[in-house]
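Two complexes come next, and they have one chain in common, chain A, joined by chain B in the first and chain C in the second.
The block that comes next holds the complex of A and B.
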């Protein structure tokens, strides 16, 4: 029983990292309709940005802020100078996926060329351990969960309480109609990339805090569970992404304890397939659609 | 996770199929009279020189070139000078099969070869065997543990022997409760059966046996299960990122315990990743790893190393191979083939192949020799010989395998691998199934 509750606790940590990444991923997709498969590599690039700052003796939490800024600017520029050029020429969804895969390879190989094929770690300590009803967390993990809560709350407030949020939702629902209503959709798209990039940067750093070491492919290997969490919740639905992250994170850790570590991914992705069989649109997409209509 | 990693399934299957078809289409010719050779004899280094495993080829070719230099300086084999050529398999069966076919069809006076590696061995060994070319595979694959290929020889210890070496070392150190934490990939899992059985035979207990999914962001649940089993040692092989995450989370939740790893964990990327995650000093305190043993000392190694360092432009940066077990055994393989030719009185592979085993196990009264020149002179004098190689003593079984010893090394904080212990071939043979 104590191992099971510990596993739930460990699942919450994984879910926190996943939710930051998945919300960033799905937020950008909902507004721009670009399935950005370079997202994992941008996470890695941000982790390297934090690494460079951290090596100068800067605290890892300040380095995380630098990574978030780097991710925001990098993502926005990536859209402006690469993706948007294709969108403007009418490249369709499948074509854009190929473009993002190409960017993924470009980023990965540029990182490889700059940093060489080896592994890197941050100068940081996980801090003291704390026990909560059978769950064990280090100070660093509590920090990660705190960041996730703040990020989710921030996304919620921006989406529901600000004009920007309304503009983003309007652009996501019907960009043409939003434009004709006077919404500056290009600027809204820029902001979506900035927000998504910032979350991507944070996710990259907290992922490395969890794995303790990273290389040029670390983010890319994490992309599949990120996309799975986003799809499970309903692609384009930030709240769905949070729920999807929680499901995949906790299910994987509990499966590793109850069944076998070999079945960690099998169980997590088995749940994804089962849910999508029953609700192909994801867990929350209808709920969100109903709210959009009501609004 | 082996350093001679196995390739992907589909390509492998296609390669094997192609090899079988080609072998079936081939013709076999053998006669009672040795073939006559004129000119230089050729040994091939059949290994990846490009692709992900491009480092294998130069390592092999260095051994061949050193052997060829020494043979030629001694006057050659039966009056023939020898040379080494490279054949690039690209580490892929789909490329290796046509490369082998071309090598066999177009290489003049091809009398023997080093390779193939694990990347292409299953696909190409049948083809090369059919062509009657003696080959010294640098593959540890268990598929060749009981090989029936007449022309296949192996001085590289089998991958699954590493598991036994790990068990022997851990037991010697007084560890009795082992946790096996291996990646769920085929190569890592290849070590596990022999590790488990050997540790139990010795009197130890395996308290946890985990196949971990690779490159996860968290292994805390797995770590908790292992901690609950109270092991006093952890056996492992997984990719660097996986073991780094696993051990750093073990450090957080429990504190580190001694770790015994396989040969891939001795590689610099693994040390870099895990050392970065748990601290290099901590890694130095807890780690020991088993790798094929090349003593890098003794008269045969002195002969090899002196010539290697004097090889000039023929071998770039020769000192990097001085202590390389693969380069040393590749050197030994060429020397053994050359001595077998002398023993047979012909470079014809269909005749000298049968003499390969006897040059390293001449039986009672055999003269111990440490170089081609010593061996050739002894054979000419009508003596039986026992060639002790640069990589140490060689003992071939009926399947043409030399089990070999394993060296246990650690990690120093500077990243080097200091010697800790040796597990002899005899220790391993005692516990082999």
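The block that comes next holds the complex of A and C.
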């Protein structure tokens, strides 16, 4: 029993990291219709940015902010100067997926070439441990969960309470109509990529904080559960992504305890397949079905 | 020509033929039928594993490697079995993913599948010997032919050339037939194709299985040559090398993708394997992958139709109709 509740505790941490990453990933898709498969590698790049700052003696939580800023600017520039240019030339959905994967190969291997194939870790200590029921969290893990809650609340408030959020949702649903209503969709898209890039950066750093070491493939490997969470929730749905992250995070860790740790991701994928068979459009799916992205 | 040079050239030729087989199968799926299969390398891998365990002989207690379904079938049965098993797996994956899912979901499910397959093969140590993989796969007919290693190389190159020719003729048969026309119609506009009474789902599934069989055979022929196979040999970026070959060569053009194969996987990745190491071990390899990525981006930007574009259909287009040729994706 205590083992199980400890597993749920681990699951909550994984879910926190997943939700930050999955919301950012799904936001990029909902606003620009791009499945950015380089997302995991941008996470890694942000983790390296935090690593460089951290090595100069800066506190890891400040490095995290730096990484978020780096992720925001990098993602925005990537969209404006690469992805958007391809979209404007008429590259369709299929082509765009290949473009993002090519980008992923480039980013990952440039990182490999710069930092060499070894493992890295931050200068930080996990802090004291706290017990809640059968769950054990270190101070930094509590910090990760706190960041996730703040990030989710932030995304929720921005998308429901601000004009910008309204504009983003309008652009996501029907860009043409949004433009003719006087919404500057180009700027909205830039802001959406800034926002999702920041989430991507935060996710990259907290992922490394939790796993302690990282290399150039860390983010790319983590992209599997991120995609699973995003699809599970209905791609393009921030709330769905949160729900999906919670499901995949907790189910994965519980399965790791009950079956075998090496099958964490396999179980996540099993859930994904099951959901796709029963409900191919994901758990929450109004936008996804309205958009008719199938080419 | 010195012996080592002959070895190098015959090895490159064998790689070229095997890669062409793989690329032809993926081109059928991606170029002709418009199915994005980011898990293509998994079907190559499954073929390779099938062929390996069926020619390694039954597993025994003191063996240095452990695997399931061991048998020592005579040549060429393991290769045929590899095609069958890959085809069956394609059928299962296809039924799950192609039937109901939207194309973008399909693409992602395939990518995830590729990663998960690697995880399973690595962690299920009793299945195909886990991360270490299988080694000492016997070369087919090596004891019957009883040739010197160099002569065997050339015989094997000939065997690969023969298989490649068979697969090429088969694939060309499909693309030039009415079936090929239907597939291209489906790729270009699946709604119009289904409005004309074509069962888009069944056609997709069929071509997915055919591509899977070809992938399995190419994997089998490959593993019988290099005699070893491990999860590290089929990581998901390998599929993108094939895709890069198709994009560079020209999607849906069988001759074009063969040239693409000569340029990307062989000319670019294999032939440069013996460049001197600079800076540190692995630097060249990292830069190769950067170049593969950039090559895809540059081609999609400047010449999305590839070096040898798909040839327009031979019918006279009606005056008011759209021209038949369109750039492939």
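Definition applied: the second predicted complex is superposed on the first by the 283 of 295 C-alpha atoms of A that agree within 3 Å, B and C clash if a C-alpha of one lies under 4 Å from a C-alpha of the other, contacts with A are read in each partner's own complex, and residues count from 1 in each chain.
Convention: contacts are C-beta pairs under 8 Å (C-beta built on N, C-alpha and C of every residue); 3 or more make two chains touch, one makes a residue touch a chain.
On a predicted model such as this, the values are computed, not experimentally measured, just so you know.
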- [ ] After lining both complexes up on chain A, report clash or fit for chain B versus chain C.
- [x] clash
- [ ] State whether A:227 touches chain B only (first), chain C only (second), both chains, or neither.
- [x] second
Open item on the list: With both complexes overlaid on chain A, does A:117 touch chain B (first), chain C (second), both or neither?
Closed with: both
- [ ] With both structures superposed, pick whichever of chain B and chain C touches the larger number of chain A residues.
- [x] C
TODO: Using the touch definition from the top, say if A:84 reaches chain B (first), chain C (second), both or neither.
DONE: neither
Open item on the list: With both complexes superposed on chain A, which partner does A:61 reach: first (chain B), second (chain C), both or neither?
Closed with: neither
Open item on the list: For A:265 in the superposed arrangement: first (chain B), second (chain C), both or neither?
Closed with: both
Open item on the list: Considering only the listed stretches 78-86, 222-230, 240-248 or 294-302 of chain C, which one runs into chain B in the superposition?
Closed with: 222-230
Open item on the list: Per the definitions at the top, what is the overlap between the chain A residues touching chain B and those touching chain C?
Closed with: 117, 221, 260, 262, 265
Task: Contact set on chain A toward chain C in their complex - done: 35, 37, 82, 85-86, 89, 91-95, 97-99, 101-106, 108-110, 112-113, 116-117, 221, 224, 227-228, 231, 235, 260, 262-263, 265-266, 269, 272-273, 276-277, 280, 293-295
Task: chain B contact footprint on chain A (complex, rising order) - done: 3, 6-7, 10-11, 13-14, 17, 117-121, 126, 129, 136, 138, 207, 210-215, 218, 221-222, 252-254, 256-257, 260-262, 264-265
Task: Interfacial residue positions of chain C with respect to chain A in the complex - done: 34, 36, 38, 96-97, 100-105, 107-109, 111-113, 115-116, 119-120, 122-123, 237, 240, 243, 247, 280, 282-283, 286-287, 289-290, 292-294, 296-297, 300-301, 304, 329
TODO: Quick one: which bits of chain B touch chain A in the complex? Just the residue numbers, please.
DONE: 184, 210-213, 215-222, 224-225, 228, 240-241, 244-245, 248-249, 252-253, 268-269, 272-274, 276-278
